[in-house]
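Scrolling down, you'll hit the structures one after another.
Two complexes, one shared chain (subunit A), two partners (subunit B, subunit C).
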Partner chain A sequence: MNFFLIAGIIASQTLGENYKNRFFAIFIVFAAVLIYASLLVGVMAVDEEARVLVDSGLALMELIALAYALMAAAGTITREIETKTIYLVFSRPVPKPAYLLGKTAGLYLSCALMLAVMSLIHLSLMALRGFALPVFYFKAVVFIWFKLLIITSTAVFISLFSTSVISTVTITAILWTLGHFTQEAKFLIEKSSGAASWALKATAYFIPNFGLFNARDLGARAAGGPGPVFLFIYIFLWFIVPYLFSLLLFRKKEF
Partner chain B sequence: MNATGENIAVFSGVTKIYRRRGFVSTLETTALNGLSFELRAGEITGLLGLNGAGKTTIMKLLTGLLFPTAGSVSVFGLPPADIASKKRIGFLPELPYFYPYSTAASALLYYAGLSGLERPAAEKRLEAVIEKVGLKKHAGKKVSEFSKGMMQRLGIAQAVIHDPELLILDEPVSGLDPLAIHEIRTLISGLNAQRHTVFLSSHSISELEKITDRVLIMVEGRLAKTVSRQDWERARGGLEEIFVQTVKSDGS
Partner chain C sequence: MKKYLYPVLTALGACALLFAGPWAFKSYSAPFPPANLIKEVRAGAAEDALALTLGLRRLAADVWFVRLMQYYGTSELEMEFDSAEGARGHKAGPHYHGGVRCEGVHFGEGRYPEFLGYARHILALDPYFLNAGLYAAASLAFNLSRPEEAVSLVNWALIYAPKEWKYVRLLAAIGYSKAKNPAKVAQLIAPLLEEPDCPVMIRQLAAFLNKKAGNHAAAYAIYRSILGSTRDRLYIENAKKEMAKMEQKSKVESK
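Moving on, here comes the complex of A and B:
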C-alpha cells in the first residue's frame, strides 16, 4: 500500500485526536483570555496601541502555541506506547517510517490549526478596536508555524530516548530558548579561541537558529532577511535530520 | 488462503530474553526458552499457561511487536515484521486500547485503512463486522464511553475488519459476562468455519476445551505439552487434569 497514504491516515487521526482533546480547548481559552487582556496593555500605550496590540498578541500566540506543541509532541508516541494503542498499529502492515511521518505531520497540522484559531481571535479583537491589519501579519504567523515545525520535529526525536514527557519538554524548551540567542552565540564564537571555539561551533550546529523566523523584526526592517529557498532548505533539514535519527531509534524498538 | 493442515506459522528454537538496563547492571528475564511449535491452517489452537508462562510474548512475537533473542519465527513463510505477512494477520491484544475520542465506527475505519482497505471496501466491511460483533447500535458512540465487554467486541471487530487468514487473540473472553463469552465463542467458531486459522490464549480451560482443536501448555517459557482434542476427551478429568498434572510435574 502507498507509504504516503498510510502516513496521511495516521496524520489525519493524530490531528483528530489532538483537536478533540480537552487540552486543545483549554489552550485556546487560555490564549483568548491572554490576547483579550493584551487590550489593556494596548490602551496604556496610548499612540502606539495598534503596534503594541499586534506585538503582544503575536508574542502570546507564539508562547502558547509553543507550550501546546511541546506538550503534544513530547507525548504523542510515548502515550501510544503507554496506552498500548500502538499494538493495534504495528500488528498491521504499517511501516515504521510511515508511522513517524504521519505522527509528525499530524502534529504540524495541529499546530497550524491552533495558530489559525488564535489568529482569528487576535484579528477579531484588532478589528473590534478598529485597527488595520499590519502587512507582515500573515508572514509573522506563518513564520511562528515554521519555528513550531522545527521544535516539534526535535521534540518527537528527543521523546524517543528521553525518560519522561517532562524531560522532553525541558530539553526542547532549552533548545528553543538557545535558538533565540544565535547572534549572541556567534559573537561568543568570534571572541573565543582554541578548544572553546570548536566546542561552541559544534554546539551551534545542534541549535536551531530561530532568529531567521522573527518576522516581526523582519517586518520592521524594510528589506533583508534570508530568501525563501534558504528558509525552505533550512526547515527541511530540521525536519529530515531529526526524522532520520528518530527512525534509527525506532527501527528496532519493541512494544 | 493456505490449504488446511499446512503450517502457517513456525517457531523454531525461540528464546526471548527481556533486558532492563539499570545504572550499574542489566536485569535479564527469560520469557521463552528454546520454544518450537507450529500453527496449522484451518485449526483453532489454544495457548494455556499460568501467569508469566510466556503466552503474551508468543503473541507479540507472532505479530512482529517483539523480536526473538535467539531462534526464528516465521508467519506465512516470512518474518513476522514483514509487511506482507502482517497483511494476513488480525490481532486482538489483551485489553485492547483505542483512541478515546474516536467512535467505534471511526476507529474501525482507521484500522481498516491501516490494513490496506480502500474507503468503499472498508465501509462495506465495517457494516458487516460491526453487526457481527453486536455493536451496530453503538457505532457512533465514543470509545471512552464503552464498557469492558463492548471494548472486547470492538477489539475483535478491529482484528477481523480486513478479513485476515490468521487470527491471534490474546485472552479474548477475559472479564466478560457469560452471555458475552457465549457470543464471542460463537463468533470465533464462525470465523474458523470460514477457514480462518485461530490462535488464542486463555486462562479459561473450559473455554479452550469447547472451541480449540489443539492446546499448547506453557510452563515457565517452555512448551511442556501439546494436547489434542482426542487426548482431553479420552482423559479422566479432561483438559484441566492434564494441565494440572503437566504444570505440577514440569514446574517442580
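Moving on, here comes the complex of A and C:
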C-alpha cells in the first residue's frame, strides 16, 4: 500500500481515538468553563471588556490545547507499546516511518480540532456580548496551532526515550517556556559574558523560537524579523527533524 | 544504502536547523520593551515572569489595567481605613471615581501615589495598549494634577508608538492645561472623541472642559455620547445628571 495512504489511515485512526477519548471531552468542557469564566474578568475591565475577553480567551485556548497536546503526544506511542497494540499494527505490512508520520499527523489534527471547538465557543461568547472580531484573531489561532505542531513533534520524540509521561510533559513544558523567552534571552546574553553567554546562546539558538508565532501577544502588529517563507521553513524543520530523530530511535525498537 | 538513508537525512535536517535557529534568533525582534524596564508593582514580579515565559504580555497588561482601575476606583479614605484595620474607626467619606463628582467631591481627585507605577507597568508589558495609556495619562494630568508625570508617561508611550496622534494631542492638551486654558484643551482633545473606543474618562473630561469654557451645546453632545459609549454606571449616571441640569437651565433661560 502507498506510504502516505497508510500514514493517512493511521492519522485518521489516531484522530478518532483522541476524539473518542474522555480526556478530549474533559479538556473541552474545562476550556468552555474557563472561557465562560473569563467573561467575569472582562466585565471588571468595563470599557475594555472586548479586549480582555479576546486576550483571555486566546490565552486559555492556547494553554489548554498545549496541556492536551503534551498529554496526548507523551502517551500516544508509549501507550501502544505498553498495551501491546503496536504488535498488531506491525503484524501487517506497515512501515515504521508511515506509522510514526500517521501518529504525529493524527496528533496535529486532534490539536486543530480542539482549537476549532474552543474557537467556536469563544466566538459564540464574543457574539453573545456583541463584540466585533479583532483583525488578528484567526491569525492568532492559526499561529497557536503552528506552535502546537512544533511542541507536539518534540514531545513525540522525547516520549521515545523518556522514562514516563510526566517527564516528557515536564521537559516539553520547559522547552515551551524557554521558547517564549527569546527576547529576554537576548537581553540576558547582552548582559552576560564568557561561558555563561555561550551557554545562553546555545540554548537560545537550538530551542524552538515561539516568539515568532506569538501573534496572540503581538495583536495587529507584526514582529520584526523573518518573513512568511522563513516561518514556513522553520515550522517544516521543527516537524521533520524531531520526526527523523524519532524514527532513528523507533527503528531500533523490536516489535 | 537504505540503512544510511535515515541517519543521513537526520543529519542534514539537524544541520538545517542549526542554521535556521541562530538566524531566527538573531533576526527576530519583538516590539516590546526589554524585561529590565518592567518595574515591580505590588510584589507582582513572579506574576510578570510567568507572563513573559508564557508569552502572555497582553493578558498581563489587561490584568494590571483592571487592577489600576480598582486602585483608582477605591476611595483613598477606604484604603487608609483598610490599612489601619479600623484602628481609629471608619469615617464615611465621599466616594471617588475617575473624574465623576460623587457626594459633592470630585471623584478622580486624590493622591493615589502608586498610580504612575501601575500605568508604567501596564505600558512596559504592552506599550500598544493605547486606551490604557490615554486613560492613565489623562487621569494623571487632569484629575490628579500631576501633569509632569502624565507627560513622562506619554513620552514613554510614544517611544513604542511614535506615530500615535492621540498621544500627541493629549500631550498638547496637557501643555494647555498647565496654561489654564480649558477651551484650548477641549479643542485639542475633540478629535479623540471621534474614535469609538475613546476612553470614557476623556469624554467626561472634554464635556467638563467645554462646560467650563461656556460651550454648553458641545458639552451636552459629549455627555450624550457617554450614554452610548460606556457600561460604567457612574459615568452614565453623571452624564444623565449633567444633561438634566443643562436641559433645565436652557428651559429657564428660554422663559
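As a convention for this text, the second predicted complex is superposed on the first by the 247 of 255 C-alpha atoms of A that agree within 3 Å, B and C clash if a C-alpha of one lies under 4 Å from a C-alpha of the other, contacts with A are read in each partner's own complex, and residues count from 1 in each chain.
Operating definition for what follows: a contact is a pair of C-beta atoms (placed from the backbone, for glycine too) under 8 Å apart; a residue touches a chain by one contact, two chains touch by 3 or more.
This one's a predicted model, so the numbers in the text were calculated from it and none came from an experiment.
Contacts of A:F181 after superposition: subunit C is touched, whereas subunit B is not reached.
In the superposition on chain A, A:A140 makes contact with neither subunit B nor subunit C. Set side by side, subunit B and subunit C differ in how many residues of subunit A they touch, and the one touching more is C. By the touch criterion defined above, A:V94 reaches subunit B but does not reach subunit C.
Shared-chain residue A:L237: touches subunit C; no touch with subunit B.
Residue overlap on subunit A between the subunit B contacts of one complex and the subunit C contacts of the other is empty.
Here subunit A touches subunit B in the complex through residues 1, 6, 9-10, 13, 16-17, 20-21, 83-85, 87-95, 252, 254-255, going by the rule given at the top. Interface residues of subunit C facing subunit A in the complex, by the touch rule stated above, are 6-7, 9-10, 13-14, 16-18, 20-25, 27-32, 34-36, 52-59, 62-63, 65-66, 69-70, 128, 131-132, 197, 199-200, 229-232.
Of all residues in subunit A, only 41, 44-49, 51-52, 55-56, 59, 63, 97, 176-178, 180-187, 204-207, 209-212, 214, 216-219, 221, 223-226, 230, 233-234, 237-238, 240-241, 244-245, 247-248, 251 touch subunit C in the complex they form.
Listed in rising order, the residues of subunit B touching subunit A in the complex are 60, 63-67, 83-84, 86-87, 89, 91, 93, 95-99, 101-102, 106, 110-111, 113-116, 158, 162, 168.
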